[in-house]
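Both complexes below contain subunit A, partnered by subunit B and then by subunit C.
And then the complex of A and B:
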């Protein structure tokens, strides 16, 4: 029974990773850009939400807000930050210099933004974890000896729903077609009338939305936010993305859930410190044996750095 | 030399050697985001050799370098099967696994860390740093260095011109592992203590940034990058958090204005021309 409980916990934990992993896979699949700001976007939504719910709007504009509007504004902040990242990183992707490291430009500047956002939050609020209060902190559902946290189930459903919507958007809508055309060949897409410069920000809005939502769900589920909350989730989501295959939305879902499961099961069998070996070892072995992941395309992400 | 100055010079030396360890792989076109893993191998290798087996300081350092180099050599074969983003992620995963193994190993002190009884003076670190700098400059001026540049710029053309790509890439990984191992050994001996928390993902990111921002085209790049990012924060004596914020802003700005790094071949050529008109340098 304990084992079943662990499997369940693993899947619910994986639900948090799924949103972030999909954000990673989207930017890498469409723009061939490993966006390292994703973990901080996740953190921004949680921390901004917490700050609003405790202090209210800045400059004394309002009293402390309720948890829902706070988190909604937090998600908007994540989207805004993501657009800022687009303005200063991806716009410079097509450098005129003929150097092999030019593709590393957005990667490196996204690392710069990772530091900027993380330390801005640290400067504002210090490095302590903060309790995020919601009315349903311990709403649990007891079925046949299993404890199921209802917020977690709801958030798993929400992330899966968002991802399903995203998948529909990508395959059915005009924007989705433009995005997929850009992913395949930006030059050909331009010739076919896709305005690449206007379609790229859409990817970043989606990234901000997915990360912000995941951050908000994390805050509600675990009742705790901290400036470092993105680091662990972000790296696990990267692992999930790679396991699922770069550029595959459904792969990112499977990968996120697999990582969540691996994590809880290895804690269950080998103790808390074994997580680092099991998750990253799994990733390393998979990268070496089947680099395209479970569902990925062979071609994505092979461009030279 | 005052204690404060000695401390800064030691950290500078360790960072410069570490940056060269990442640079030699970057110079042949591979991004290694697992620097902390290689440095940890050197640091723990040296700590074990010195404290557990009682080797002398210099022997421990050499063994640590050899272990770093050997692991770099071995790990290069599987890692070189991956390319682009996958290689960045594979090296990152490698560093995480190394940290995970250390934290789970009682022999290596686990999460508590290992103390060292031996010690190196700052002069030894300065000497080692100068040797490494001279060695890398010499290496980049040889045919091997030229081959590394060729592989970095275009693998297929380098292959057509008769460069053994794989040998060059494996060699640069092994050499990078040895240099990162050396920096780890010096770190362990200078601070007299190693703990796995120090060798985290942020360290790997920082050292890669030193190299990329300094510039991968010439051996001046990492020297400049590591010195700049070790000394400037020291000079800006403001809150720790603001330092890193400014560091982030500098990174974004540099990628916009000088995406190939601060020190480029062009810039050096112009500089030499101004200093000594009429001559040409590589």
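And then the complex of A and C:
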């Protein structure tokens, strides 16, 4: 029974990783760009949400907001921050140097943004973890000796729903087609009349939305936020993305869930200190057997969706 | 004139790839641009399409200067380029490739236009939901042209469309171009296959190291012994 419980917890934790892993895989698949600010977007949604729910708007403009509007604004902040990164890393260097992806500059500057955002939050709120309270945090559903946390089930459903919607957007809509065409061949997409400078921000909005939502779900489920909350989730999400296959949306979903499962099962069998070894060990073994990941293609940039 | 290019300059750093080129295309005309490898033919077409930045000169399309407009605007105003090497999207399906061609078309007619292309190219229709990567070279060229047609162009520029096709397919390709032209579409054609190009075009330009070295009617170019030796013959022998 305990084992089943751990499997369940693993899937629910994996649901959080899925959102972040899909955000990573989108920017890699479409822009060929490893966006290091992703973990901090996750953190921003949680910390801004917490701060608003405790202090309200800055300068005493209002009373503390409820948990839901606070988190909603937190998610908007993550989207805004993501667009800022697009403007000053990706677009700026692309305009200056042609193809931004040929350079390490966007990667390094996104790392810079990661640290700047993280330290801004540290200066504002210090490094302590903060409790995030929602009225239904302790709602459980007990079935056959299992404790199923209702917020967690809802958030798993929400993250999978968002990702399924994203997949539909990519395969069915005009803008999704344009994104995939741009991913494969930006030059040919331009010749079709796609304005690449306008379509790239869409990727960053989706990135901000996915990470912000994951951050909000994390805050609700685990009742705790901190300026460092993105670091662990970010690295696990990268592991999940690589396990699933770079650039594959369905791969990122599978990978995120697998990492969540590995984590809780590893704690169950070998104790808390074994988590990193199990996750990264699994990743290395898998890469030896299947370098392209579970759902990946050998040619990155081709047939990803 | 439908298209007027005047004093066009393109530089890639120190490489002056297109030098002060003047060129024009009348409505409904077929004009060809010839020249050896590296002469600047593709660069010229890409500059007209807005896909390669220019460093000087003007491009006038239907009376409006477009050189400072982006590619999307030029596609909307009726200039389409079928690029060198086809550049179809192999990770998209055949139908999605066509829909990408109609990207700038906001009207409700897109669906009908796509069906019309499928009627014209039954080979493509049979594979409409397959990845475009399964198409043969000839089918890929048809797809590239069909895709360009979906933008409803008034001027279609084709960059070496016959490259890599068997003689029969080249024949079919040129028939298709002639047919499109007979429906009123202007054509600016870059070709290695100079015989065929001069046969079908009314006028032509010969580029050498980015400069127009000769221009005239197709007949004049075909009869010019110097050109035959320097560019045209050499190309045919290759």
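As a working rule, the second predicted complex is superposed on the first by the 288 of 305 C-alpha atoms of A that agree within 3 Å, B and C clash if a C-alpha of one lies under 4 Å from a C-alpha of the other, contacts with A are read in each partner's own complex, and residues count from 1 in each chain.
The definition used in the following text is that a residue touches a chain if its C-beta (ideal position, glycine included) is under 8 Å from a C-beta of that chain, and two chains touch if they have at least 3 such contacts.
The structure displayed is predicted, hence computed values, not measured ones.
Residue contacts after overlaying the shared chain place A:5 against neither subunit B nor subunit C. With both structures placed on the common chain, the touch criterion links A:287 to subunit B but leaves subunit C unconnected.
Using the contact criterion defined above for the overlaid structures, shared-chain residue A:239 touches subunit B, although it does not reach subunit C.
Of the two partner chains placed around the shared chain by superposition, subunit C is the only one that A:174 touches, whereas subunit B remains out of contact. For subunit A, the partner that touches more of its residues is B, with subunit B and subunit C as the two candidates.
Judged by the touch definition given at the top, the superposed model places A:134 against neither subunit B nor subunit C. In the superposed model, A:185 lies in contact with subunit C only, and not with subunit B.
Common to the subunit B and subunit C contact sets on subunit A are residues 301-304. Across the interface of their complex, subunit A is touched by residues 26, 29-31, 78-79, 81-90, 92-94, 96-97, 99-101, 103-104, 110-111, 152-155, 201, 205, 209, 212-213, 216-217, 239, 241-242, 244-245, 247-252, 255-256, 259-261 of subunit B. Put simply, subunit A touches subunit B in their complex at residues 28, 32, 34, 88-89, 92, 95, 97, 99-109, 111-116, 118-120, 122-123, 231, 235, 238-239, 242, 246, 273-277, 279-281, 283-284, 287-288, 291, 301-305.
The touching residues of subunit C, when paired with subunit A in their complex, are 49, 51, 70-72, 75-76, 80-81, 83, 87-92, 96, 99-101, 103-104, 131, 147, 151.
On the side of subunit A, the complex with subunit C involves touching residues 174, 177-178, 180-181, 183-185, 187-195, 301-304.
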